[in-house]
Structure formats: structure tokens, C-alpha cells
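For clarity, chains are labelled A, B, C and D in written order, and residue numbers in each chain start from 1.
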Amino acid sequence: MIIQLESTITTDQKDQLAQQLEKIRYQTNEVNTQFGHYLIGIGKAEFDIRSIGNLPGIKDIHRVSDAYKLVSKKWKVEDTVIDLGDGVRIGTGHFAVMAGPCSIESEEQIASTIEHLQANGIKIMRGGVYKPRSSPYSFRGLGIDGLKMWYEQTREAGIKIITEVMMTEQIDAMIDYVDIFQVGARNAQNFNLLDALGKVDKPVLLKRGISGTVEELLQAAEYIFSNGNERIMLCERGIRSYESAYRNTMDLNAVAILKEKSHLPVIADPSHGIGVRRFVDKIALASVMAGADGVIVEVHQRPEKAFSDGQQTLSYKEAERLYSRLRQTYGLRESF
Amino acid sequence: MIIQLESTITTDQKDQLAQQLEKIRYQTNEVNTQFGHYLIGIGKAEFDIRSIGNLPGIKDIHRVSDAYKLVSKKWKVEDTVIDLGDGVRIGTGHFAVMAGPCSIESEEQIASTIEHLQANGIKIMRGGVYKPRSSPYSFRGLGIDGLKMWYEQTREAGIKIITEVMMTEQIDAMIDYVDIFQVGARNAQNFNLLDALGKVDKPVLLKRGISGTVEELLQAAEYIFSNGNERIMLCERGIRSYESAYRNTMDLNAVAILKEKSHLPVIADPSHGIGVRRFVDKIALASVMAGADGVIVEVHQRPEKAFSDGQQTLSYKEAERLYSRLRQTYGLRESF
Amino acid sequence: MIIQLESTITTDQKDQLAQQLEKIRYQTNEVNTQFGHYLIGIGKAEFDIRSIGNLPGIKDIHRVSDAYKLVSKKWKVEDTVIDLGDGVRIGTGHFAVMAGPCSIESEEQIASTIEHLQANGIKIMRGGVYKPRSSPYSFRGLGIDGLKMWYEQTREAGIKIITEVMMTEQIDAMIDYVDIFQVGARNAQNFNLLDALGKVDKPVLLKRGISGTVEELLQAAEYIFSNGNERIMLCERGIRSYESAYRNTMDLNAVAILKEKSHLPVIADPSHGIGVRRFVDKIALASVMAGADGVIVEVHQRPEKAFSDGQQTLSYKEAERLYSRLRQTYGLRESF
Amino acid sequence: MIIQLESTITTDQKDQLAQQLEKIRYQTNEVNTQFGHYLIGIGKAEFDIRSIGNLPGIKDIHRVSDAYKLVSKKWKVEDTVIDLGDGVRIGTGHFAVMAGPCSIESEEQIASTIEHLQANGIKIMRGGVYKPRSSPYSFRGLGIDGLKMWYEQTREAGIKIITEVMMTEQIDAMIDYVDIFQVGARNAQNFNLLDALGKVDKPVLLKRGISGTVEELLQAAEYIFSNGNERIMLCERGIRSYESAYRNTMDLNAVAILKEKSHLPVIADPSHGIGVRRFVDKIALASVMAGADGVIVEVHQRPEKAFSDGQQTLSYKEAERLYSRLRQTYGLRESF
């Protein structure tokens, strides 16, 4: 049960509400976000929802039977659109393309990428400065200095930054240079990190776990939301399966289902979703038809020289062709 | 190695070729199909391909390093288009829609479906008369009498029939009433059935196994081809995964990859691929963008009354909307 | 619901029973096996089980809520023990070892294997004469002639034969030479083959599908039982997973659970279950502790020369060590 | 390549070594642990290993082709035994049982558990004070105060504590009260946490990821080792599969393989590995036969009242029976 509270609710009114909920043995969690004030009630008793809904200080009340609550479409029918400023929006009606290299490598690489993005009207640049790597001996990214270097250039160019955060200690140092925090697949159930990202006012793109369920992804988003941050995107990036003909199994069923279950924007990551450069195009377009609100793709000036993920990274030329097709495909979908 | 033989090759020439291959210790398999005459050579020795290619009676010779040979695009670059007659073609450039109920239930149901298909310009009707069911106590289909009843109506209407065959003994009885034999996911590695379907001159739609690999699907097709039947379609119908938010995990990566690896048409089955009626539309359209040459969808006059698979079956109205969108999406894709 | 009928039940009494079941809208399936006569009732209505149980001609009546019925332990609490004659029994209290090569290759190989088995007190020899192979170009077994050759030698030696049957047409030719029909993982849902094996009076060892569920395995066994053959063994042989450190993922959870859900013997196949020769020993012993009633292992005079599966096949020396450990481990387990 | 350095190696000798490795373009990582001093060389060039091995200051040198190095058995053939003090050892020859509740709940619960452990000669108590929960609204543990309360009682009783750490910030506060840090399945690739645990001198039990590979588990251990901590245990706790008859798929293949690939102790977690109380016994015993050096099991005074995981938790009586059987089974295995 989600109870939306009036901003004007008084302490007395809250107490009264608490008493009512205690009577029916509902456990409560109070949530304050950038945009709202909620009381989440969890319990099993049947009761007349109006008996609570009519109390003073309450804006609205909804039953939500799912284990996740605030990220569910059952109480918020209108889809969430995330506004990054400067006219950059993500969500239903605002298709987003995020592109850039797997890893931030050098000033020159950043400059080249920005030029490519600007030439194609792309407003959000992806890139990693903290890289989760299977082996401790692999390149692990340029770190905070790389992020600052990157920020210098994007700020001038009016490009937004999305980059991965791996631990709570990094958040403070990163926050001024980042437009969207990305949570990677390996941290999809790093609950302390999710808690911490719920306490900042920056959008978060949350990737599905390596073999995460749709339900777990929504629960992970609930962690962020219930800590105070409503600005969340869900990202399908392929799941682990027995098939070895490609890197991951892109799960477009999940895209379609997430759009129904949640009001949050859903982003597809076809680069990781198939992991083979020459098929990224087809899977990106398929994602649009499955309902995605945007895609995040790996692009590099010279994919074969990239520090990481070169085998799934598009060249600028390939990416340009994709951007154009994405727009046409999204246009057709919206006409349906 | 695939050696295409001239139809005029003499016994002496074949012997000469056999001797050459024996020298390099290649095991050989002779294959005669509706359309060609081949010698498959399997071995490890390196040799100058021209030393064989220049022998008399040989049309062409190709190295194919994959475990599957004849279904590979490495020797046959031109995509296979299957002609069902009456202007009905399936393959690159000829998008196919196959629609109909999960199970054939009654004369009335057939008539109603045909009317629906004709109103929408659909030329191929799907339906099961032999149903593989997990439980021996479930409805197992109307059998050969159901097929004959069905055939009576489609023949008049000029509609083609695709239906599942489950065992070799059924082939002879079915063959006069069927336009495409379907091999179901549970029989994807029923090698005796595949052998037998290689010996008839009817197209076969081969479904990927419940957790079949792309490689296994191609090998299964190789069984049919190497027994003499080149008219094969590959069908992606979703794989088994840990996710329980839907019935199967539609693997559109496989669609993209199959189109690259093989010259055979690739059909998507979004009904089984997600297994939830209200998402079939999105997954069907996504399949087109992933490269499918057609879709096979479950449609029923009253899905909620269907004998089987009702939960993933479209109503006529939903199907009509889908057909129109499929055509537009395919049109856009072809314009790329 | 399972109704066990008296052998003396009259036609009138059956009619009376049928009427009662029709009243509560239960669909019925009559089953005659080597050992019993049953009526399976499937329906949803609640009713007093005594109202039926007290009718004349009825021996016993049990509710079985599972989708599978006759293979469930809910009606037959006493475990099934399969008697192959000559003192060879399989089931609770009678641990069985079945050993032999993947493929039957030659007279010499058979003789050598029999000598090895006899020296170790093993009474059941495994071997394939019909081999399901991913590629149509691989060795597919010696066929019926191989089986006859094999039978000549085992008959003299008093050794029982277990071998795979792949299609219904093979049953008649094989039946006189076979002690246990094996259904392979790829045919685990070949329902026509299961139907046919239900109509013969030979034990069947049924392998779990490549990614079959415990439920599907039990349903497959139900196919055989409900067609008339109660002598079935269930076999866990590893499932398909994302892990590539070995061939299949041996699922010993399934062994423990199958022993609880069903009265049928459960056999473990550690050779396929891990697929790596030097670990077969450990997984075999682990299977015993998980509750298996027996194991089936691949053994060959010279594993590195075997026609198939050499990488998971034990040498005689390794096998001897395993047999001894199996006996000790089973002894300890039985002492618990 | 792993180069073990003498503790007496001089700076000059290190420079000389570095120059040699630079010549063959090997990237190097210096590692200092509680027990040794190593140089990890990663590169592709072929070279005569003696040309480096003979340099002064070098104790030993080994080629290790795996992606993980220091945790591999290829350089350290002798198995690692972890000594917790007071005669408590874990590793080959020292079977360990760790038992206790899923969550630490109260003083009374702790006291009761300790009594149970002491009565059965169990020296290591498990319990969670920081609980990773799918839902933010679930009980998340008593935290550091719970740990201190727990420590008070175990110190007196001479019982060792193993408990989960979820984030680097918790390490300092926990370290004085913990004997083994546990890394949970959801943090199996939380590389920052692994780095941090490599910097403390406390043993770490590392669980395999929810769908982690054997390779990933070993790489995760490599993170800890290469940061300076050699005292690591690997833990198999079941993987995620398509099967829904139980909670996780216990992968005993992995236990057998880990014991071959690594010198680190391998612990089995049958409670999570099957997730159903009445089968924990069988899977625990099977784990022993597969090669496990110990088990970690969930035990509770009243499983049905446990705050979490009650469905897979043993009662004291069930646990007692298991302890005795574990000892007998381990005894038999060691006699082989």
C-alpha cells in the first residue's frame, strides 16, 4: 500500500495515520523524495481503503500487491520522464541515445567522441572511469582524474555524462561531474550502493544483474526510490544463458514487461546484450520495437584499438547509420 | 568441405574423386536433394582446394569449417527462398505471416479462422492436430481426421497448411494434406524424424529446442538437408531460462545470428517466445527488426476458450492490428 | 485421483463408478499394467473420497494433487523394485551399477568389457547401438546387428543389457535382446516413443531431458506407466547451464527430490553429469549420498580410443576403484 | 607467471628483475601478503623460464596459464589450511562444520545456539548481522550492535564467528569481532569490497555468485589474494537455473573442480544449495563425497520462527544427526 502524503501534513495527522495502520498490523516506511512524501504500508489484513484514504493530510492511497511498491505502475500510471536539463529528457515520448566508449582513455579520445556525438545530435555520452573487471590485473579505468578531464570537455560541448559508480565512497567525489550515475550489472544487488544512490539528487541508470530477474531489478530500483531518489532508469543488458554463440542473451521480453510493470524509463543496452559488433544494429532496432525508451551503445574511433569491449563497439560510421535508423524506427513505433 | 557435383557426373569421375579424397583421408557423404547433388567431405588435412576443384564432373567446391555444412552460408551466399506455390514465398524479400490456433478444434473454428486470414491477406494457416503435451492426460489433438477436415476447407480457400509432425509413422498419412511440416521444440533433436523429413519433398519448419543452441538448430537442419530435402526454415521460439516473469525467453540474438550463418529463412514465433498475449505484438515487431523473414502467431476467435495456449493467443482484432504493423515495420527495415 | 480396481471388478461395477465420476465432472483414464488396474480421475470438484472408495470393485483410492499420478509416492508409499531376473534387482535396498562403453564397437570390445564386469561382480552392461549424434556425419552406432552380436556374448555370461532406443519402429526388433530400454535425454519428451514403451513389458530407464525439469521427467514417466508399463527408472544425467568448466551440471538436488516424489528407482549418470573423466568418481559417490539407487557409468578398455565420449569414460582400473568405493559408500548410507 | 621473491631481495635485485620482464614485455604486479612476496607477470612472449628463475632474490618461478594466478594449484601444490587459532583449522585433512542461524536475532537465540554447538563439538558459528535482502522493506539485520552482543557470548564459549560483510565501510568496525569475513553471493563481483578484504589479515569465505562461473569465483579470490590476504575459502552455494523444484541448483561438479584448480579450501553450503530443509542432509553428505573441506549450514532452535530462511534451516535435532553423519562420511572418504 502506498499512501501519498500532503506536504502540509501535520505531526498530529501523521500520528493518527500511524495509529490506524498499527491497528491493522501494517508495518510502515516513510519515504521522502525530491518530488513527494509517501508512507509505504506492508501487511496482510484486508481493510476498507477509504477508512485510511479519508484521513486528513493524505493526498492519495493505492493498493500495490507487488513486492516493489513505489516503482510500480499500479499507483503512478503516468510514466516518469527524467529531465537532465538543457532540453534533454528521457522517458515515454523522449527517446534517448547514449553513446561513447567502454572506457575513457585519453583527452584525444574524448574530443573525438564529442565531435562525433555533436555531428549526430546525441546529447549523452557514456564512458567508464571505474571499470569492474573479472581479473584484478586488467585495466581498471582512469578514475576520478579521468572523470574530471572528461567533464571539462563535455561541459563546454553541452554534453551530459553517464558513468558507472562502483562504491558508496566514490559518490561524493563524482557527483559534481556526473549527470547520470550508472549501476553496473555486477552491483545490481549491492544494496548499500543502492541505498546511497537513493540519498543523492542525480538520476541513476540501474542495470539488470548478470542473471537478475525482472522482479529483482524492480526491487533494486525500489531501494533507490525508497531512500529518496525518484529519478531512476531501468536497463536491460542481456542475461547469462547456456548459449555460447554470443556474449549475453538480450532479453527483449523484459523490456516489454518492465514498461508495463513500472512507470520508470527503460533503456536497452544492445552492445552488451549481444556482445558482437556486427549485430548491435539489429538488436538496437529490435529493442525500440519491444518498447525501449532509449539505447546505450558503445562507440569508439577505432574499435579494434579500444582498451576494453572492442569486439562489441561500433565505429563512428556504423553508429551514424544506427542513429538514423533508430529515429526512423522510433518514429514508426510512435505512429502506431 | 562441400563439393557440388554436375548432374552429368559419371561413375568413373566419381571414383576418381573418391580416390582423391581417400588420399587426404576425408570421410565422404553423398547427398542428393531436389535441387542438387553434393559430396560432403570431412577431414582435417590441409590441401590445395584446386587439386580437387579441377577434377571433371565438379561444379564447385567450398571449404566450410563449421560442423554443419549444407545449411551454411559459407558455400551458398544467396539466401534460400521457399516457394509454396500460388505465389506464396518465404525467405529474404518475402515476409511470411503464418497464423492460426494452437490446436485445430472444429469445422466451425477452421472456417472462422480462414475467413479472418482471407480478410487480412494471410496465406498460411497454422494449427496442431498432433499436440505434444507434458501430461498424458491432456488433449492431444484431433489427429489425421482433423487434418483432413482442415484440408478440405483450406484447399477451397487457397490457404496453405503448416502443422506439426511428431513421428515418422505420421509422415505418409499427412503428406498429401500438408504444405509445411513443422518439427516442434521437443523433437528438435529427434534425429530419426529429421532423417525421415529429409526424404520427402515438402518444406519443413524446424523449431529450436527448448534449450537448444544455435549450433544444434543448424545441425538439426543439416540432418534434413543431408537426407535430401533443401526446403527448410529455422524457427526461434524462445529458450528456457531462469526468468519466471514470462513463459520462454525470446532470443532475438539468435535470429540475427542465424541469418548470418545460414542461407535458410528464419521465422520467429513470438507467441511461444514470450507466452503472454498482451506482449506478443511487441516481440513480433522486434523480431522483424532483428532480421526475421516471417512470424508464426497463435490466433483464435475466442482466446479464452481455446483448447490450449489461450494465454498467449491473440484475438482476431489484436491480430489484425499486428499484421498491419508487421507490414509497416518490414517495409521500414527493407528501406534501410 | 487414483482408483485401484479389483481384478474381479465387473462391467456393471465399472459403469457405476463411471457414473459417480461423471457426476462430479471428473475426466477418467483407465490404465492396465503388468501389475494393476487403475482409473485415473482428473477434475477439480471437492468431494468425500469415501463416497467413491466404498463402491464395489475398488481396492483403494488416493488423492494425488500432482500433475503426474501413477508415478507419485502419494498413492504408492512402498518403493518400486525392478526385478531383471537371475537375482538382479534395482531399487531401494538393491544398489545397481550399470557399466560399459558409450558405443558398442566390436566383438573384441564386448568380450573385454564382459570380462571386466564379471571380475567386479557387475551384472548390467550399458552400451549404445543407436547413437543420437548432433551431427549427421558422426558415427551413429552398429544398429540391430551390433545388438545381436552383443546379446550373444552377454547371454552366455549372464549379463543384462541396457541400451538406448530412439524410435518406436526399433522396439520390436530390439525387444528380444534387451533387458532395459534406455530413453535418452534428447527423447525425454518424445511422447510417441514413451507411449510405445508403455505398451511393452520391459523395464525402461528414462533420462531427464537436456534441460528438463523434475516435473517433466515425472510426467514422461507417467506416459509410460499410463500406457501399461510400471517398470520404470528415472535417471539424472546433468542439466544444461551457463557454466562451461564441465560438460553438464549434475543436479543432485533432483536425485534427492525424485526419491521423495516418486516410488520409482532413481539412477545417477555421473559420466554425463560432469563429463570429465577424472571427476566421475567423486560425482558418482556424491550421487549415492544424495539418494541414488544406482549409477550408470561409461567404461572402456582404452578410453582414449573410444568411438565416442572418451573424455568422460573410465579405464577398467579407475572403474574398479570406483565400484569398491560405491559399495562402501552405499553401505555407510544404508547404516544411517 | 608467478615469481616468489626472497624476503631478502634487495632493491637492486628487484630492478634487475623488472628490466628482464620489461624486455619480454611482461606487465608486472607486486604482491605482498601475510606469508609471501610475489611478482605476477602477465604477458604472451615465450621465454626460457630459467633465465629469470636464476636471478638473485628469487625463491621460485612458475608458469600459470590460467587468468587467475595466485589462487591456482599450478604454483602451490600443497593445499592451503587456514588456522583460526585454538586448534580450529580448515582445509585438506581438517573438515570444518560452520553452523548457526541465518540471522542473529537475540541474546537468547545466541545462547541457545552456542549450547547446541558446544554439545556437538562445533567450533564455528555462522549468523548474519548485515543481511542482503531483495526488498528494502525486509529485516536487514541487527548490525554492529548485534555483532558485539554475539561476540560477547562466543568469546566466552571459545566459538569462532563467521558473518557477512557487505561494504568496505563496515570492515573496520567489524574486524575485532569477526573470525571469518563472509562475502555473499550478491557481492561475489563487488571488486572494491574484495580489494578491501585483501588488505586485512582475517580469513575470508567467498561465495560463488548467484550465477557465477567457477572461473569468476577464482578470479574473485585472486582479487583478495593479490591485495595481500592469502587466507581465503571458496564456497559453493548453488547456482541459478531454470529448475523451480527447489531454490538453487547445488553444483557439486564445481566442488570437485575447485579442489583441483585451486589450493584453497572449498566449503559447501547445502542450506542455500537446495533451499529445502528436509533435503539439506543428503546434499551436505553428497558435498563431502564431491570433495568439500567443510560445510556451512543453517540451524535454528525453532526453524519455523526464524526471521529469515526458515524453510531451509535445520532444527537442533536434525543438525545433530547431520553432524554425526558428516563425520562418518568424511572418515570414509579419507580412507579411500
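Criterion: a contact is a pair of C-beta atoms (placed from the backbone, for glycine too) under 8 Å apart; a residue touches a chain by one contact, two chains touch by 3 or more.
Nothing here was measured: the structure is a model prediction, and the numbers come from that model.
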Higher-contact pair (C-beta pairs counted), C-D versus A-C: C-D
Farthest chain relative to subunit C (centres taken as mean CA coordinates): A
Chain centre separation in whole Å, for subunit D relative to subunit A (CA means): 33
Intercentroid distance (Cα basis), subunit D paired with subunit C, Å: 38
Averaged-CA centre spacing for the pair subunit C and subunit A, given as whole angstrom: 49
Residues of subunit B engaged with two or more neighbouring chains: 211, 215, 240-242, 244
Interface residues, subunit B side, partner subunit D - complex: 211, 240-242, 244
Footprint of subunit B on subunit A - complex, ascending: 211, 213-215, 238-239, 241-246, 249-254, 256-257, 260, 273-274, 276, 278-279, 282-283, 285-291, 325, 328-329, 332-333, 336
Subunit B residues within the subunit C interface of the complex: 27, 29, 40, 42, 67-69, 132-137, 166-169, 186-187, 189-193, 195, 209-211, 215-216, 219, 222-223, 226-227, 240
